[in-house]
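Labels for the chains are A, B and C, by order of writing; each one numbers its residues from 1.
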């Protein structure tokens, strides 16, 4: 099986889809000729032609509106928003239109669009290139939000998202495009080639939406994470020495609540790790769900390891970014409660 | 962890063995002190055995139907730490182990007391009350949801449990409290269970109907007399010591001999009253019904012509019929035709009883438990073995005088046992 | 009246309640005055059109000039009926709202020609990304009245299952895209749809409407950019009815530039058309279709018209404009003008008009009764289970659990 970086795996997914389905189109800023600022669409215009993968004006609302119109016609558009930080001009299209179209038309019309966007920090990108808005997206009924943490999942989840008939926001952890990253900034940058999850089969396969992955089985405590934080959490667990069960959510919506509940019932302890700021973050919803469903099993409060409640800073990247030390400290506090 | 062998005690006054009729537990089960583990059948009766310790069953001493000699291990239990108060286990792992044991459904964790069963040793070597019981306070006790759920399932009021860290009650605090609490009365009487509706059908229904008819139609009266069986027991012991390979004798054959021998002078006792026809038939033969407790309920196999049998024959027949009744193999001839019935609960027999007559018979005899008590003989206090004998009679056709005289006749033979064998 | 005393200039309409209606700054060319350039002209040759007003019917109902379309009189009568039916429904439903039979209604009084004429000018391969003021399109296309009323009443047979506000219809089979209450956000969907049609080499066309006020939304401009850049086969219309609730068109920039002239910034033709002139609307729409067929992409059309009634059942226009302003509108009434034209060419009469009106009233009335028999708002609704349907293609565990909480 070929070893692929996450960027390659995503590119491969798009290549497969463009090859299989003439109704799939890709567009966004700089994605066509140039191949995208993170190279995820590299080579696709050359291979499939101008009409299949093209550049758009800088108008996120226009991009998403056009995608919705195309989807209504019967195509399967995959627009890219260059950084999810720029989603906001197009947010009206997502909330007011895409998320409600099927509902308000009694399924006469629907928008099978997949909006791809790089998200998350760890790259000194500051507050306009590092945001994690999944909590805001989770709260919009009628859209799905998917976040892979490794190349294998990235390709499979992207294919599944494109083939899903509902609108999907596909957030790609930009820190992981070219290598895994566990937050250990004192060590050399690592390669995807070292990770088994970089073995990506060629051709078509999917990873189902709404199914979490148990990355590491354990009995002491449940750790929930997604995106880059899956790797950070794993490092924190190793450093702590606890026998933690690490779950990669993979889908924010639809959420695999059964896997989460089974794990917390088993361990009685839970720590949630996300880059996004803590207050009103997705960890808050997970905490609410867990305390509703696992209350009598809980031996200690649920803790969230998260970004601080500030805009994403620049120079303070590693102070802000939740690293393995914060994760192990949280595990210790919870287990020694 | 300690290995505890629960050896089968003598449950039938000198019986040699008892038969396993039913297990209530399996290997691997976690049990608590006083929990019923098996039903054992003796000559007289079926007795439920209760475990003296808590722990996990690791071995069973046999299968249903096996006879277990008195004194041999009935089952083996792996008890929890034998120390009076073990160091507090990891709350997480304990709770988790319990959850595992309980099959994952938290609301009813089965946490057992980690202490020896001997309540005295708890009192002697246990913690001081001040270490375990929370001081009176208005403040609401603090505990994690899991600890609260466990306390609630156990019926423990957290207000009584002392938090060792002074702030929050943990699983370990609950463990200590429970081990203390069982002996000090903090353990609630039990958990509320759901009502259970059982249809009265089959044999149970027949028994119910028969009992009701008996009481409805027969004006019962009851007479109890105390019998000194010291001598009889000594004789029985002698006979058993010299029995060879014959099965051990219980009290019952002796009693039956006495009953049969006294009857010719009191024929009204061994009769059937057809109250519709208004005819009492005094039987010549003594077909003695033996009320026997089985899984399916009360059955009365019949020793036919008991008057013709000797002690050893009676003993064998009693065993055979009890086995047949319990295994369901008794024929209907064996289960009917009694003229007089005897009902014994063995060590459960109490000190007096008022049994229900096996209609259309006119009397039923209920020997009670043998107890050792001080009596005065020749002005001296001595230990004697005493057994009350209860009898219920149909007052329509038996007068008190007759019943009492009959019992005195039986008594005389039992108190001077040589008379059982003399003419 | 400009308020130069203030530092910041705030535009205001010429007449407020109590003042005389004032349309004196409207430049109205006579019917037929504007020439009709070929639809495949270069855009640079069309740059004067946004500053004129294309009119066909004169004040006597005669069709004048190069823009006069060839039209079948049956089609025109069909158009007239559709407009009349629209007006009858508007009247009845507005009263139904006052009777608490519905929670909301918006009339299209004075604008009926636009939807009906475009529905005639375009074939069935069009998707109409409309505003909420184009009932006449659905009436021309014979959308079943019972379905219309069931949706307005939100009753058990509402085709949209009680999920959407009254009058925000969806009718895919009639080429009518699902309305949302948001302004301008669907304009770009029309462009995307048209781009898809082009991609698939289909001859389908997208038609879209926004109002004068809505043309200020960013979504309008983004859609125009995309339409221009990708030469989308779309007909994009600004229906300038002079009022956006209580804000006159000057708040959206009408004083500075015509709405049609916004086309110039995007390099597409901008036609400015008398929206109360049935024939002019048809003609302009056909011209835009021809242009698309010539491979030259989108056209922006401004329809100059007047919102004769209030914005909706929640609005009272006498609070912000002269009560008789509608009556003074210089471009007249669309139903009257088409009727007058048909009479002028001998294809209609007053008595036929009265008869048609009677028939249409009866048709509407009986459909309304049928819908009322099913139930009006609050008295009848679809099963509550429908509240949970259609969020996603397949329901997820959240709505299933929440349904169970409600016991359904």
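Simple rule for what comes next: a contact is a pair of C-beta atoms (placed from the backbone, for glycine too) under 8 Å apart; a residue touches a chain by one contact, two chains touch by 3 or more.
On a predicted model such as this, the values are computed, not experimentally measured, just so you know.
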Contact pairs, highest-scoring chain pair: A-C
What is the chain whose Cα centroid lies farthest from the Cα centroid of subunit C? B
Separation of the C-alpha centres, subunit B versus subunit C, in whole Å, is 93
How far is the middle of subunit A from the middle of subunit B, if each middle is the mean of its Cα atoms, in Å? 67
Mind checking the centre-to-centre distance between subunit A and subunit C? Centres are C-alpha means, answer in whole Å. 41
Show the residues in subunit C shared as contacts by 2 or more other chains, in ascending order. none
Mind pulling up the subunit B residues that touch subunit A in the complex? 91-92, 95-96, 99, 104, 106-107, 144-149
Quick check: in the complex, which residue numbers of subunit A touch subunit C? 25, 51, 56-57, 59, 61-62, 64-75, 77, 89, 92-93, 96-97, 100-110, 141-142, 144, 164-166, 210, 253-254, 257
Can you list the subunit A residues touching subunit B in their complex? 219-220, 265-269, 295-300, 335, 337
So in the complex, the part of subunit C that touches subunit A is made up of which residues? 127, 129, 159-161, 163-164, 168, 170-172, 177-180, 182, 185-197, 199-200, 204, 206, 218-219, 222-223, 225-226, 229, 390-393, 396-397
